[in-house]
Amino acid sequence: MQGNKFGRPVLGAFAALAAVGAACWAYQLACGLAVTGMSNANSWGLYICAFMLFVGLSAGGLIVASSAHVFGVERFKAVAKPAVICSTACICVAGMLVLVDLGGVARVWRMLTGPNFASPLLWDMVVITAYLAINVLDLVWMQRGDEGRVRRLSYVALPVAVLVHSVTAWIFGLQIARAWYTAVMAPIFVASALDSGLALLLLALLLLDRAGISRLDPGLMASLAKLLAAFVAVDAFLIACEVLTMAYPGAGEAVALSEMLSGATAPFFWAEVVGGLLVPFAVLAAAGNRERCGAVALASALVVLGVACKRAWLLLTSFVHPNVYGGPGVSSGTLAAQQDPAAMWALLGSYAPTPVEVLVVVGVVSVGALVFMVLSNKLVAGGAAPAASAAGADGSGGAGRSSGADSSAGAVAAAPASE
Amino acid sequence: MTKLAIAINTARCIDCMTCSNACKMQNNVPSGMLWNRVITEGADSVNGAVGSYPNLTRTFLPLACQHCENPACEKVCPTGATYKDDKGRVEIDYDKCIGCRMCMAACPYNARVFNWAEPVRDPDFNYGDPRVPVRPRGVMEKCTLCKERTDDGDVPMCVACCPTKARVFGDLDDPGSEVSRLRREKSVRILLEDKGTRPQVFYVS
Amino acid sequence: MNETKRNSLASAMTMSRRGFMKAAAVAGAVGAAAGGMFSAGSWFAPAEAHAESEERTFYTFHQTLCTGNCSLKCSTRDGRLCKVEPNDMLDEEYSMCCARGMSEIQHIYGDTRLQTPLRRAGERGEGSFEAITWDEAMKEVGEKLKATWDKYGKKSVYVSLSSEPRFGLLAGLLSASTYVEPGIDIGIGNGLDPATGQSGFYPGTNETRDMVNAKFIMINGHNFAETCMMQARNLLDAIEAGVEVVVIDPHFSTTAGIASKWVPITPGADAAMYLGMISHILDNELYDEEFMRAHSSMPYLVKGDGSLLRWHEVSGEAPRQIEDEKTKKVKEFDPFVVWDAKTNEPKVYDDAAVEPALSAPASSGYATVFDQLKESQKAYTLDWASERTGISVDDLAYLAERYATSGASTLGLGMGGSDKYSNADVLGHAVAILVALTGNIGGPGKAVGSLNGGRGYSASLASWKFPDVAMKANTLPMFAYDFRTQENDVHAVISVGNTLQQFFANMNLTEEWLKTLDFVLEIDIYDCESARFAGIVLPACTKFECPEEVGDVKCAANHIMTVGRGLDPLFESKTDFQIMLEIARAVGLDDAMPQTAEEWVRHQVDNNTAKALEGVTLDKLQENHGLMPLAGIEKPRIGFADQKYKTESGRLDVYYEKMVKWNQALPTWEECSEIYADNPARSEYPYQITQTRSRFLIHSMFYDAKWMSQYVDAHVEMNPADMAKEGIADRDLVECYNDRGSFKCEVVANEAVRPGSVRTTEGAWSRNMDDGNIQTVTNDWMPDRRVDLMKGGVTPFNDTLVAIRKA
């Protein structure tokens, strides 16, 4: 089992998906964003939903890893490296998703030569870059076993992680034009990042465990799962705050709310509330479940999917009703509109991703998966000995404190020894 | 300073769409989009009305960039492609636009249109004013307050062509201008005033 | 419809269109289709102003049919029309151009343009054609016309001419039969114009610039803001000045929306509203006795048989001999008689010393017209009118009171609404009575009639004199709609414009008639519905295409304006003048024609004798960008300011002797022929269908203008309540049908539409519909009294019932 790696077939499959995605992106570059389902009425879609999701997903890893140092949660150190790898892969995905969403990617250098510092998108570019840099540094220093630097970096990494999610939230939350305009947007994003990021980390760790690359200590799993339950609860609480604030006055935002509760985006909203919050919380609330890999995996997957749904309703609800409503509507600017002037109007915003868009996202996510697998192969499985032993040492320490851990707790520590 | 503005008398608007086509023509606006449109407020179709027969009302609302004093679109633009110029107009430097559509999300008026595809024109050549830049695929566009005309001292095409003379163009910083007088003396409607964007396009009736 | 056969025409056209595109290939056009991945237009190319290329400006005028008559400044770049603006040489008052004018930038290049002459390749009506050359086409036209002449004489050729194309010489040249728009726009005029002696098209008596002087404006069956869009500013000025404007319309029209008050009315009941108003005015003595005595036929004495008493019957004097000022023809006139209240005896009506009594004493043995009116109005109480119109008694009384007593009331009547009911003449007649009772005519703010085109000043241009006096247009032997059902001598039709669809209701019947003809020649710019029936189709060009320095001239909108040198005719089209000349050549009559358009225009302008055009010559006109104001237009025109009418007695003659036999000497209520409430057919066909005129279209034009398609397409509108009843949803495909025909299109839910009605825009071509043609369902019923109506019966297009179902 030890020394296992993600094999070539798996890597090849994802590389193929990435290639398909790249081809679709090339097609999109050739034909314009008109090949997506977006329009003037609904001007952001799957790319931005996925962007929000992956910025959030990247949180779990870095927060868990940094917490190990900042809050001295020694147990977490065991999974610090896979956590940061996971985080790195996700933030790369997020960055790529912003790029594929650009209509004029060839002019993106303008952000560097003529930045407008008032733009949340610029802030986001800065913090995402910083975040990526921190992840990479963290990995490098971990790999070198430079514990001191890793610790010091953690004190920077944690606030930057919080900032990444806040700034991403502010891309939306500062727009007075839309129902996104709410102070709770940043806390919601942080909470969603915490639960979905942790959920993804659990899934990643379970995967590494399954793949025999690195062992996941059930005790650790249980405690991470417990933490996840707490995060889910916080997330649910913040959403409840937002919904109540929208609903109570029965005024302007009631339109968006009704769309969320019973309209176009309702399936996403209720899928999240039930499938992404209630069910996983119920699963994880039972202590026994937290020690069952299957239950934890199920809950984690549900949390990730739930947050994905949240991105959809959060983003798209605001595009449904133009603030100034009236026939014939908004000129949509789509390919169909170009071809038939009678079909150029959209009374309400509507959106469905096209196959091209879906494949581009699949491709980008595949690149992320490749990043994760390759780095895991290199740095976790049979990676450089010092890092592994450091992780091993920490891991065994963690296992030691986790009473009642099963006998395979030493497996992580044993891995380097067997090499 | 100069703060160019348009006052629109909605009581004089008959929804003839002349301003829409005049703008489309002048500015070489491609197929499938308009910089300037007229909506029947609250109704679901052209010729529609609000209420139920025979208790009906109808307001036509010509709608384009509001050239806000506090433009939400300008703030969010990461490259400064959208800017407020020295004449108080909100303009776009097409060369700087990276097509991120932050501004589109930020504009409360759905005033902006995006070149999702390679722009197509029918007829298939560049019509209108030759001074107007041709926008490529992947950039945002919108009402420029007929920059090329107003720079030359002409009124915007929608103002020049409105058959009912519902539109008045002028400088809000000139207290003697007709727009300033209307703003002072008339009961003025500011679209989505609660958003605090402080439009320089305003409505009287 | 016949899809494949339709395509054959399209492909013939596409071929030559491509040829054209090649010929007129334009540099600098940014990629038409989605460009290549790294096409220069998208990736790195900076946004640049388009190339400095050669620009040229010219002046022309736009449509006559919308009555906007806009004079336009146009720009071309690289030989293509790139800008259409209001003519900047005009006073701001008149400087205008609407969305349709600007849409021409695309429309003139549109894919429905007829590009070459076409010859029918299949059965008539199938729409299968082959492209031919002008020589081939004109040879055949010449042969066909001559053959028809030889067989049946020149009158057997009917020139069916839309008001838009500029073919003024054609009917005269061919000595053909012609008639202006038979059965159209004359419904109300049939009842109103005999009272004033106007044309029959009930032109508004004052110019719309005068609206601001009114105190009360009633607009009925008239979507003024759309159909008189270029004069809408006059109405808006009036509203802004505080004039009360009430719109009476079944639907919440655009005009109803801007008015002070909208009064919904049951379709077809407008005449009942006026009859009720008349009764209220009579009952409450709100009338203007002085006016009635001095300027109307109200005091004329009526004999027991319903005819008017004439002076020779009383005095034995011989009728007067009256010489017409213009024609110098002498006419006999036996004057009318009034009852002199001073002497208590009958006197000649225009004796200044007489005090005409409005009511004749019973002892006289006569009744006055006014007496008769009071008698005939007894049946038409406010309650009666309210029941028919759906307007409350209070509102009817209010309308009557305001109209009678405001001091200056204007009554605007449209041509697209209540004019198209079978009882429109009764409506028009009732209006004439209302005007005569209240004196709301001949003064500032006092006007009546259709407001189309602003009704400003006009001036006649010199007409072309053919060398042979026999060369003149002949009046049709009967109304054109009767050709379809009655024996007649017409065997060839030259249709200019989409007349075969637009002029006739019940299209299937029209189609039957067209199939019996020897020859149909269609001349149009676009591949319209009428082309489908033609043997030969000739492609005309727009007013933006003019190869001569000047191509045309007209007086309209208080100006004289010309068409200046513009684009060369696109594709293989020719100008209207060129086509007339081609036809003249084909029949060997070209010597009778001016040889160039400029010669014709110069003749019209330089030889005119109109006072308003004094000193205007073509050269001066051209110096002035083809546009000059008529003299004396400073103040709005007030018609009949001298209270002299063009009637027999010179007064408002509201008693129609000719109609005694039809019981319409004074207006008597008559239900519509089809849409009346108790029609048993309603159980099967429950909805009235009305074809309104849209601000985005001109009759059947502009459906194919892509810039207008942004705002309008062929569909029907219904009230959501009716749609719920029928189980149809917004944007469903529906079929509208009755026992005459059917058509299919989308339905749009609209609260502005009156429940019980289906509303659509006028004139959609079959190709705009999913199937069929609106004109196949329309009602072509005619009253027997049409023979005595001024302009014959009106085609009651809006007096049509249909059923609707999901298609």
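The first chain written gets the first letter, and so on, giving A, B and C; residue counts start at 1 in each chain.
Just so we're on the same page, a residue touches a chain if its C-beta (ideal position, glycine included) is under 8 Å from a C-beta of that chain, and two chains touch if they have at least 3 such contacts.
These figures come from a predicted structure and were not determined experimentally.
Student: Taking contacts as defined above, which has more of them, B-C or A-C?
Tutor: Of the two interfaces, B-C and A-C, more C-beta pairs touch across B-C.
Student: Indicate, using Cα centroids, the chain positioned nearest the centre of all protein chains shown.
Tutor: Located nearest the centre of all protein C-alpha atoms is chain B.
Student: Could you please state the distance in Å, as a whole number, between where the Cα atoms of subunit A are centred and where those of subunit B are centred?
Tutor: Chain centres of subunit A and subunit B, defined by C-alpha means, are spaced 38 Å apart.
Student: Suppose each chain is reduced to the average of its Cα coordinates; what separation in Å results between subunit B and subunit C?
Tutor: Their C-alpha centroids are separated by 36 Å.
Student: State, to the nearest whole Å, the distance from the C-alpha centre of subunit A to the C-alpha centre of subunit C.
Tutor: So the centre of subunit A lies 67 Å away from the centre of subunit C.
Student: Indicate the residues of subunit C shared as contacts by at least two other chains.
Tutor: 34-35, 42-43, 706-707, 710-711
Student: Name the residues of subunit B that each touch 2 or more other chains.
Tutor: If we look for residues of subunit B contacting two or more partner chains, we find 31, 34, 43-48, 95, 117-118, 120, 137-139.
Student: Would you give the residues of subunit A that are in contact with at least 2 other chains, written as numbers and ranges?
Tutor: In subunit A, the residues touching two or more other chains are 31-32, 34, 328, 335, 341, 344.
Student: Using the touch definition up top, name the residues of subunit B that touch subunit C in the complex.
Tutor: 11-12, 14-18, 20-22, 24-26, 28, 31, 34, 43-54, 56-58, 94-95, 117-139, 157, 160-161, 163-165
Student: Enumerate the contact residues on subunit B facing subunit A in the complex.
Tutor: It is residues 30-34, 37, 39-48, 61, 63, 72, 75-81, 95-102, 104-110, 112-118, 120, 137-140, 191-192, 195-197 of subunit B that touch subunit A.
Student: Mind pulling up the subunit A residues that touch subunit B in the complex?
Tutor: So the residues of subunit A touching subunit B come out as 31-34, 36, 38-41, 43-44, 98, 101-105, 107-108, 110-111, 114-116, 118-122, 125, 171-172, 174-178, 318, 322-339, 341, 344, 347.
Student: Please output the residues of subunit A touching subunit C within their complex, sorted ascending.
Tutor: Spelled out, the residues of subunit A in touch with subunit C are 26, 29-32, 34, 106, 328, 335, 340-342, 344.
Student: In their shared complex, at which residues does subunit C touch subunit B?
Tutor: Going by the criterion above, the answer is residues 26, 28-35, 39, 41-43, 45-53, 55, 77-78, 80-86, 96-99, 102-103, 105-106, 109, 225-226, 229-230, 232-233, 236, 239-240, 252, 254, 257-258, 262, 264, 695-696, 706-707, 710-712, 717, 719, 721, 730, 748-755.
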